[in-house]
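Read from first to last, the chains carry the letters A, B, C and D; within each, the first residue is number 1.
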């Protein structure tokens, strides 16, 4: 149950009510929001006098449910608006990992050249083997900050675990919580306390219910700037790296009020399939696309097989505008 | 290994060579084709004098591999051409099951009204419970034949098991092998001996490798008119009925020379998601779309939740042309 | 809903009632059993006078539910009893495929030597490639019949599709419906009309609900002699061929009244893991074990990697008795 | 490639060699071990003079591979030895969560009464909803420490994320890395620097390869005291919570040199199946069993459905000794 307290309730009183009713609490504009378990279906007598409004939800998808808020939430990133009723489909590109200044500069130039406004690159890589490249760490973050400043780009970069979440929050414009870190409470709680946008990737073994509930950790912490990202789930099929779950995206669009961005690169795992899949994702009418590119994929230190080179990406990018038009959307 | 025998080799001799080399055999135009296990990498001395050409393949995806035949095969169905280099995306619609003459007549009228040329409807239903509607059987086939004649439509209908495969081959214009029957050798072998087009649906627990190898049973039987249909695989996600595997479709487009048709209705399981998914499928650049519709889905005897009503389908159908144009394709 | 008609109701009348109420029907001892959809929760007025008893079930797992019949059903195979309250764990062994008289004779000798009473071997193989060994067909069935007679063994062999179901029913002592044929209505219906025991394997992409409902096709056809066989499901893990679902077996033991036999050989796919898994299966307290063995696995025409040689199997077999004793069961 | 440096190589030199060759490094007894990517198959000339021995491995399962070290590693926990050639199967039990002193005291009494030496209980719970009980946190750890002291028990408790890993390392006797935290580099790295045993649970969406590679993060950090725990993977089956992967356990026993403990409680999700599954796990011949129990499962604040009550567990525990004897093992 979600309860909007009256705006006359003080912080102290609101905190006391939350503790008394085992509720999460955050401040929204001039009032406090309490969230109890969705198993609670009737408003407690001890809350009745303090509640301006309350909402009974079926499951613990509460703040992000369209049963609570019908319209898609709007995430603001400088001049770029994601979601809401903008009919924007935001394209984000860049390499899997920051590898060098030269490389990331080339990626930034690609963005400028095409009009892409958000650059992606990871610096703390959650690799599955300890014997491979683990990312440039804090040095990579600083490099991203420098280049983004220079080229006027927004930066999205990944936090791998709670040990460096403060650094990523400091340097990133959008904080990406990767698929393997989706359940990381240390990260989710810190992200709930920042006001920067958060892109939450779905764990590849996670249900939609769990995925959206992880977003609820951030929102109920006080940060409503959350974007969901579907990037492929793990199935029995091994010809491709993962299986992009567009049925799941249809579910999210119908039932969840958060903007949705798709990452066909990680789902496919092979560059050859990325252009067709990207066009399919766009035709779903989603709020954004996240495509991995590299100036020279063959020498990439991670995800070499799935990154498009700059020419491939330019061709893909140019094919998107007519599809967007066909469904009444705009590439930004 | 695929071996094209010289066109001077008689049927008798070809059969003898096939038996001697444990090879499948079929006649193509004026010559015979032998297919041995892909594990065989060198041409037998005893075949060398009789071979016009031979092809070594990586796996038992042989006749359907783009390493053997680079271009997409063309399937001819009256005046409708599927696949090849037509850039056609064929739309097929109709109810899950034939239920009555009135119902199937309404479906035929919908097709005529929009320009859809192929009507789908099942009459032998592979239900998972013995205590539900099992289809009209042979009566349904006769009804489909009558209506198709009357409305000038082609009919695609499903064969459930080998016990009635002859009847379905007799009445259908395209024989649909359903997901649960994908491995059915009794059906696959009979379909290899007809010259009617076959639409083979992917088993929801089957790998792409197994799926295409089932198509090989039909082609190596002598019937090259095979269309693949992806209709969703079974994963851990339960918010939707299945998970449409568009990454797998990207694989098929890259590696397999058979036309591909997609069925978002069964994948999603809920009508609300079908329009967005259909548009995504089309934007992949596939050879066709199979969408379930019903004059009144609420009273449908099977798959009630996922069938679009005729108004919903008309709206969807009208939204497809601009997307097709955007990617250089044509809805037929 | 299951309805036991009074034993005064004639066949003609019973058939009429079944038709009127869209119910499946079969004769049990001296009365008829009707089965309607489990969605029907109240007895129809028009049935009330004719019903001796009726049972409302949650799902279409009806005749096989422990809510209908609490005790495990007993399947009789000559002198061997499977299930019931026997505390028997029946061991079945033999090769994947009948390959030659010499081979199958060696397998029969192994059985005789150890005291194994049921020999398995397939003759119609549901291979996934058309370019591999497809089984000896009817010749293999005749060979099995001859050897079983000679060695005093019962034979279990697989039906691949409906085109040869009559032959398998004629020659086999237990008819095995393989994983890929689990949904085959042509087979299921014929098996419902025989009185021979049926071993139904779970499709590797099938839920427990679907699995047991396929058994309901056989039982509601009139053949209550059905044994379930779990043989591994398909998951994302590829180090092993399939994933043996012992959690599912725990479910079956709790909720379903059919005997359960396990096949660790197909689940594992590699001989090295079969002994440990077999012991685990036995310790679950199941009604039987199905283990693939071959006189010389290296030259086996199918499933070479997973078959135990005769020495390995003898060692395994000898290790089973103490475990059976430890849980109060007996190897037969 | 694993390289054992000569014991004459100093720390300074060893570090320099590691940096030069992009290798992980840790000290073992009186020498240093370097680990390079398994893709490197030949010893670098610059290492040749410094290497005492080197080992080429197929994959990045290196230090934990039986190709490197044939025997199972031994983990020492006070007087309890896990793994090695002890033929011990260690039983661990206790509640999902520490909830109160009274509750945890009852659990400790159960352990003492039966002879169980290791008590489990979580205090930082990685719940999937923010609106449910999240564990007692540091207070729970202190309570566990107090009770373990009082009752002479060893404590295993879970670290949820990197933000409190230091606290868990301080208070626990065995540090449990939960399934959702398996990839957490912040935790894995800290665990590599402690000398306390680590129990690493397999992520429910993770392959065996990824699972063991996460153990490699800890071992290559210098802590060889790692125990693997299989606790069920996520599949399409929903009648049970997860699917216990015993085929995977057979793989681990064959190929990996780390002790393996099984957790049937989380796999099954329902108490009714836990006894049979536990006996199956034991009959696999594993190094330990982790079973959730609660003095009163009905009021448990987490995992209520799957915890055994103390009477059920006592009955189960008493049934284990004969099975252990049957396979030549001993319950400790």
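Everything below uses one rule, namely that a residue touches a chain if its C-beta (ideal position, glycine included) is under 8 Å from a C-beta of that chain, and two chains touch if they have at least 3 such contacts.
This one's a predicted model, so the numbers in the text were calculated from it and none came from an experiment.
Two chain pairs, A-D and A-C, are compared here, and A-D has more C-beta pairs in contact (counted per touch definition above).
Same interface as A-B, judged by over half of the contact pairs sharing residue numbers, among the pairs B-C, C-D or B-D: C-D.
Distance between chain centres (mean CA atoms), chain A to chain D: 32 Å. In this assembly, the C-alpha centroid of chain C lies 37 Å from the C-alpha centroid of chain D.
In whole angstrom, the spacing between the mean C-alpha positions of chain A and chain C is 48. Counting partner chains per residue, chain B shows two or more touched chains at residues 205, 209, 234-236, 238.
Remark: chain C residues 234-236, 238 touch chain A in the complex. Contact residues on chain D toward chain A in their complex (touch as defined above): 23-24, 35-38, 60, 62, 124, 126, 128-132, 134, 160-164, 180-181, 183-187, 189, 203-206, 209-210, 213-214, 216-217, 220, 234.
The touching residues of chain A, when paired with chain B in their complex, are 205, 207-209, 232-233, 235-251, 253-254, 267-270, 272-273, 276-277, 279-285, 319, 322-323, 325-327.
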